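Going in written order, the chains are labelled A, B, C, D and E, and every chain counts its residues from 1.
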């Protein structure tokens, strides 16, 4: 299986792990990630304003590129996924917006939201299948108590993201279980870590991040996994005293390709 | 807006048990729709003979809409299921003859759906107004 | 060229008349011209010898005549049925239009009938005689010195080119060999029209229907149009009109006629065969048949007695009238 | 052609405000057949009706057109007026110039124009009207009540009290419904069981009432006065007439760990069970999904311990056919699922419960024997947060929740809060509310007592998130009055879940051809004037199946439904709807198309002899309609190719005349 | 209270939110993770836009505290979408010339070794036009 892949800015810099493990693991699962040529930054945040067009064009280009290859577009970073999925939804449902965008895109031809956008986790669940994943696990993580941290960007707004039940999601827990570990369920897993507020009011981000860690620990977590570099940054920077790792790293470890990557 | 505003003539056949009551509810709630819509009450949407529809077009109607109970909710158990088949066949035939398919419509509107009734009529009138006068059904025979 | 001959048919009819199985024979009678064949009732062997014909112009579907004739005759009536006629025969039985006990049906094979319009297009007018020889028709006209020889296949009627079945679905006795239901291309023309734009379709039908002279031949020949009183003849129906009163009327007539026979029409093609203006009326019926096949599953009227036509049936999951068009656009 | 009188109603300013009634009556004067035309302030008033009667006499009217409100409102009124004036009541036609004209159009000119056209259509139709005489049909003097909660119980008792036999069909093993699960009832705080169980016993002992428990209605045919119903009696594997309800089997059954639905899964019951001590009928039922004997033929303990020999593992579902004159729907409600509201952590913590679960927790017969203990650890909760409107009052297109107010939550939450503070004064009780809605006798007083006397903390605002952490539930909420975000460490969170109609209501509505609204509540025939009747004649509504209701309302509606049923069953004959199909034999081909589409089997065929023009006779098969069975839908009229089949009151010519009048 | 109709309409247009759908339940503010940072809370944004009382919002630091976590959007029972209102007001404020809430000059003070690009990109997208 070949899919188009949008890595995003951070995955080529501060979150190289997230990217590399994603590649290695996909390979181990028989999926080829074909990186979008000349991809540009998604913008980090989706602007909900009806009249913002220019900031969404790079997402549309990525979507169109995948569409032309008749491939689903896969993202790993929660923020990229959120921005691209919301942009795609706007292209599908808001004809005024789509019209404006297509005028900008005139030279490249029109796009109307045909591409299917998958988060890497959704790819594992819907395209690969957690059962298949389970079979490919080499190093079982049995006995590890792992808490999934979704944050906000993967799940909301649910009317667009449609990844899972936004209040009681299970996709990451199912992922953890597929790798053989115990999934720790805690209520704050879908509460915001503070995101970019750490620029504006670091204390606020600290308060939010700490509450999340505390809640996960109270539920018995020994490790937290996340899909978002910013989440990881906030949780770690604000003093997480249990490991916070990217879910792809955990995946690579279970699939036995982690050492490869480091070598 | 044009000075000589075109007003279409719309005939709506409404089932006594659902959409006619739905139209009453729209009235009770003062949900406006254009006066171009004239309702004929029938006991069930299955009472609507294709002949009535063609007759309406023949006499100058620009659009005909049939409203019945939602499938499964027919007061007579199965009337609207027959309506659904009859009208699917008839509308497809009219389209086959080159007559604008937008001039005919079937909608399921329950007695509780006053808002849907008004919205449906507003939409249908807008669609038919955009099409303009019904010429084709009258003119099929005359070569221009 | 038919595989069965006039002589064979006369012999069969005579036999059945003489042994008392039947008291009359419904067959093709000699007309003014060789191509002008008229449905006729024969009561004696002599009448048969003098008046019975069987040639490439015996397209008439006798099923409909049974509705009236079975009442008029004591005992059984013999009817010759080509494969396509047997569907109409069954359909009329489904609708209880005649008493099966009063009919002795003999199935005969059919190689397809000729379309006189096509013959005339080749031979020219003034046909004096048409002979049949092998797969050829020999046409003698008043104006040509030499008879024109035409390949029978070149003048096959449209409905025979698109023959849907060589199989008889009803008979008491079968002459010749039984055929099979055929995968025909009969819906191709409908599909071609469907693929046009609405404007093109409108222009097509405007051209066709504008020629209608409301002679009612289509209705009178149609084996599904056996109403005791047609709504168009009934002053109390509200739609009576024996001749068109305005531009709309033919359309109303043809749409309503097609609608009234929808689900009951066996696609025998009599309407188009008898139309003096050569309007392809069968396309209206085929459109309904094609749609109903598409929407509700394959259904062939008359294939079996007692089957329920799509328009007097339903399922709770039927598609919505509005979805009809989405479906077509998606298929396109 | 008729001699038509036209009567245009002003309906005060309801019509006259947007329709020039004078112009309408004037314009309609010159329509064919019209010999008299006038307008009046209130045609439906006595004076208005007298005016019509007077005009009939003076002008020898044979047909009447009233331009007024919807025929669904006053058609019956004006038909009676016509009858009083000596006309056939079906010589009246109504032009609906209120609901479908003056109320939906704002401009006087267009309103008047349309009213005139609607009037013309009615005149065109009435000119083709013929006097109709309704047929009669007998009434089966037995009623069916579907649902055995308080609504069904009250309806059945009231009907039986009037002397008519009643059958109750209840899908659970016992009657009693939701009320049997409640602890106390607002606003008087009577014990629910104390007031309900005597009624249940009354039902059991009433000779006129039969109870089909553990049963469901599977098929309904017929019409008012003459329904035929199939009831499926599910196999309970216990002979109902022999079982004494001693409970020996329940005690001895080895399969003890089946979630107890009566206690909402908060404790367990055996595979053979009696839902609660006062169950009616008090007989055991075997849960076929849990019983080892039924699943794999191993066990048989209950059969061994049953002294009466009531256990029957071979019992089969039984189908009973019965005739009824009237049917009452009393299918009740359920709290909605909390699955989609996990911001409140219902699926994450045992200590987040619904209000109905709270009822069981405080009920002496409940899982904690009436002691308010946390389900997780059995400890006494010191801080309780009640959350109102969970799933109620949501946007209509919302993916979760219901658009309507569930009506009962404000009061039961006040009750819960008050009772908690009363029994456990050391408990802090918070109630988060959007609005407190307490219209009802002694309701607001009750709520105020909770606040003022019992010290319940009512906070205007909503809970946004519940985070279980350790043995606490961290509640994050807003206090809109103080403009603060609150963080409360609670021990128990109680969600006032929205209520919705029982799931069995939708298929039942289809069987009964009774209409429902978009929320699956049954629709009443008129929201104000006929609140306990469904639009389908002979089908009545009782309790929460029609909309959210508390117990007092349910009981009064149950009584109202019963009185309607009694009124119906007291009649020996019902006059039918004369607008039925009829077949013109001369034109009928006997093709069977009409019979194929008739939902009632009202059409039969016979061979009839006809004289032909040539003096011969001919026998033909023709259709005939049984007017007592035909309900007048008209499906046959369109199926008929020859136009032989027509519908009285909605004849082809009449409808075409309306079309012509509108399209002129 | 000043009713600024122009700004009100502008914000309704940009956000696509109909503030009159709000039933004042306060669930948005109950669920907001940035509540304590804000002078005006999500429900007040909706309410003040409905009243046309926009200026105080334009000048409020609350604009830059919203995390765009969309919790208020998903949990609102009436589908009001308060976060979109906050976004529209914020854009109205920073679209004015020189009104950017953050400039490149601010970066050196923020940046650390492990600061992910995503943080800067997001902050720029939120705080500048």
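Structure notes:
Assume a residue touches a chain if its C-beta (ideal position, glycine included) is under 8 Å from a C-beta of that chain, and two chains touch if they have at least 3 such contacts.
Model, not experiment: these values are computed from the prediction.
Number of steps on the shortest path from chain B to chain C, with steps defined by chain touch: 1. Any chain that touches chain A and also touches chain B is listed here: D.
Seen from the Cα centre of chain C, the chain whose own Cα centre is farthest off is E.
In terms of C-beta pairs in contact, the better-connected of the chain pairs C-D and A-E is A-E.
Distance between chain centres (mean CA atoms), chain B to chain E: 46 Å. Distance from the chain A centre to the chain D centre is 48 Å, each centre being the mean of its Cα atoms. Once the centre of each chain is set as its mean CA position, chain C and chain E turn out to be 75 Å apart. The distance from the centre of chain B to the centre of chain D, each centre being the mean of the chain's C-alpha atoms, comes to 30 Å. Looking at chain C, residues 231, 238-239, 311-313 sit in touch with two or more other chains. In chain E, the residues touching two or more other chains are 36, 71. Multi-chain contact residues of chain B, defined as those touching 2 or more other chains: 50-51, 55, 72, 78, 82, 86. All chain pairs that touch, listed by label, are A-D, A-E, B-C, B-D, C-D, D-E. For chain B in complex with chain C, the touching residues are 50-51, 54-55, 57-58, 71-72, 78, 81-82, 84-101, 104-106, 136-144. Touching chain C in their complex are the following residues of chain D: 586-593, 596-597, 605, 618, 620-621, 639, 641-644, 652-653, 656. Across the complex, chain A meets chain D through its residues 158-159, 165, 167-168, 185-188, 191, 214-215, 218-219. Taken in their complex, chain B has these residues touching chain D: 9, 11, 16-18, 20-21, 23-24, 26-28, 30-35, 38-44, 46-52, 55-56, 59-61, 69, 72-79, 82, 86, 110-113, 118. On the chain C side of its complex with chain B, the touching residues are 190, 193-194, 198-207, 209-210, 212, 231, 238-239, 244, 246-252, 255-256, 258-259, 262, 284, 287-288, 291-292, 295-296, 310-316, 318-325.
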